[in-house]
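This is the structure I have questions about; it appears just below.
Residue numbering begins at 1 within each chain, and the chains themselves are lettered A, B and C in the order written.
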């Protein structure tokens, strides 16, 4: 109508928001994770340091034309986030997805985003209670992919059901022209005792101090057809394409500051090992994995947490695969929920491979800071 | 004078604008192109998918000190935009140019920007009516370069003339220390029937529904001295430096929803083939190219478009070069002009080289989303 | 309390500021350096061009929760800034550091930032009076690193003392898991005649026209244990780890538009040369360096400056190292302090190595533009 209609409402609450009625919303967020860690190998004299900017991300999300048409973009700039510790090709785009919201119960997405895989992977790296996700997650998680996503929720009494599914390329973030097989992922979540406060089924630790027991039990699978990477969407290149299925079951429970979460992975395929022209080996990690975390949150913002995780390679890859047993204790001081916190982790990893056993002890101090 | 003078006017219309009088303007824009395409090769059993974030860009432009001193920065983050499908060196900066506006008729630029080459290349990738530019454009366009740019406009009655010129390094975006030859580009545009509405001579399709016929005819050349890349500013490295000239003629006409555009390329040089130490070949595509598009726009926002494009290598490179014939039909649904739109393209490309003919059929669904 | 509490104050003065009371501040800044330079080699017929976007940076800084908890993030996107002229791994993050301010006199940092090394390196590349830093700086500077930083200031009468120290990984920006030795850096600055106006001890040229003589004398060292790069935090990989110490002394004086700055480097280690398996050589530049600059600033914004710089390799590396003598004259037109300026430099570099002497003459025109 007149020029004031174009004026924006600028708010600062969680990040910076620029809004114009129901026509436009942009939330801007920045997030930094700085870490100083030490790794002591039991068969090596001197320790290594893991000291660096672990994550640095810029997020832009909101809506355009109508709150039904939403966007979500996340850019990452640290070396580890860009996967430059593994390859020469930087992966700056983590998320770039458009959503259309049909109703409160149903929305779909088109673009690049996290697959509805295991809970810990779907939880933002800014909402973890340890500095890193578990090694079972590292071995079996589905990561991000490009394609179509469909989310549906239903309520029966105080019970909630969430159905999450995706049809994607199967070759992960920022793939180039990709080949013939797609990937189908589906996951069903059941919340028998009502919703978690503040979406706590997707943040670690019970910072909300749930007054009644809250529980989410979920199960799903992802079938990746003709992928060319060892982990499907992630990992090193395979020498021959493989089709495999990953089955995931996980649970999250919270009550009065106590939180328990656990997840189980099972990856199944025929013939997991591929051979290169010179006899090199690249294989899919067929087998199982388990991770469990248990924590207690104390007012005004302290938390103690314990993690156990393990991976168990299938017999068919026992000569080439590595088995991990992970034990970590974490103490976290939350200053502004998960947004600003200091984390201290210590523990060790037993690594079993064809050469025998090695134990790495780890101490990590990490600061998460963001708005 | 007092603190309120430092306060900014925040507007949201096309993007987000932060303004302080005539002293400062920053426009912030974000743009995403997500695509799900399928390519069927006639000599291959299984199709390939072209499914990815094709473009993701952040633009910052405005003025500082005075509206005469302008800046324009565009960053790109997708793999294809960063040229990571062709090399290991990411090209994040697309544009980084400073302008000084002498008068309404004359302004100059210093920095990295698009060369005044063929019309379709100068049209923003966010204002195209197909998901990609033509293969003739791919083969012969001048892309971006670094140097000095000069733009001059003159009016005689209702006729407009635009003279656009550039003196640049000739070695393209983000080159390192570059060698001896520079590149001179010039282009003259003639608009005999007045200006297009809303700068429509540089957007595809007649979304403005021009009430009278509008026409722009343009011609220009670019002489690139001692370049070391097959396309001058773009392409693979040559084994020996070459000097060549590209001649471009193009036309755009719009009337009542109908739009016609066409462009012709002619690239001329002596001795287009260079040989590497092991007999490898890298060559400049000497020859001609043509692309034509024809479209009709319907209220409230539908468009049907047809494209024909072809390239014709010169006899001197007929043993090494590939010839393309491209046929595409496109249907576009515009939701907010070119800013938010859905595109459906289908067509095929005939590819002729020394091995014979191959036909690739393509189907592409693309969403453009930006503010 | 109510929604207006979440509203931000948007100011535009130096950059764009978004503020909410003492709870939140975000300053956003953008900076571009475009350059057109020519290099004439005395033993080569044709000149080379150094024409490109030299620097393009985005800065986000401010505080969160309290003005005591500060953050500083700087991203860089040009090829040279990302070190893509030397490697395939882009280095987008320049700074990502969190500060805790204990008092006016004491604050500490955790993250990635500039080490408290030589003054010219610590001065922002946006506050230099020449287009580039000196070749002595290039050879001996400490660059950035990741770790803990501690800054302490004390005042005795009109004398100020600044003690700056850092404990870092010693392997530079964005290193991966790093090895055993850390790096300790310390520096003491003495300002006998009071503070410089507008923090002028860390900008080049006397744009503030100091009414009384201002002086800063500083000395420091950096001991880098078991580094694997030729320059410690920067440079090419070494074939064997080395431990070395760099001693730095510098001075800055300003009075009525005159500015003098000088710095001396001395790098000391045993056995500076390392050999690769095929006999290749990578070495630490053991030896000395000196750089001096002298300038006069004239109202309304002109400056003339002169630079002399030299490096002197130690005898132990005289067969492999290069010696530089640099002579440059610069004329700068400041339009808005260091933020918007045009720079013209001309001079030459004498390069002495085992092949003899070469002279490169340089002419550079550079525009710095930022807010």
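Operating definition for what follows: a contact is a pair of C-beta atoms (placed from the backbone, for glycine too) under 8 Å apart; a residue touches a chain by one contact, two chains touch by 3 or more.
Bear in mind that the values here come from a model prediction, so they are computed numbers and not experimental data.
Novice: Would you kindly give the rotation angle relating chain B to chain C, two copies of one sequence, based on a CA superposition and rounded to a multiple of 5 degrees?
Specialist: Best-fit rotation on C-alpha atoms: 120 degrees.
Novice: Where chain A and chain C touch, do the two copies share over half of their residue numbers, giving same, or under half, giving different?
Specialist: Copies use mostly different positions to touch.
Novice: What is the distance in Å between the mean C-alpha positions of chain A and chain C?
Specialist: 38
Novice: Can you list the residues of chain B that touch 2 or more other chains?
Specialist: Each of 10, 88, 90, 92 in chain B touches at least two other chains.
Novice: Would you pull the chain C residues touching chain B in the complex into a rising list?
Specialist: Residue list for chain C touching chain B: 9-13, 16, 30, 32, 34, 36, 39, 46-53, 56, 77-80, 82, 84-85, 88, 90, 92, 335-336, 340, 367, 369, 371.
Novice: Touching chain C in the complex: which residues of chain B?
Specialist: Result: residues 3, 6-8, 10, 18-20, 23-24, 26, 60, 64-65, 69, 71, 73, 75, 88-90, 92-93, 96-98, 110-112, 146-148, 168-169, 174-180, 182 of chain B touch chain C.
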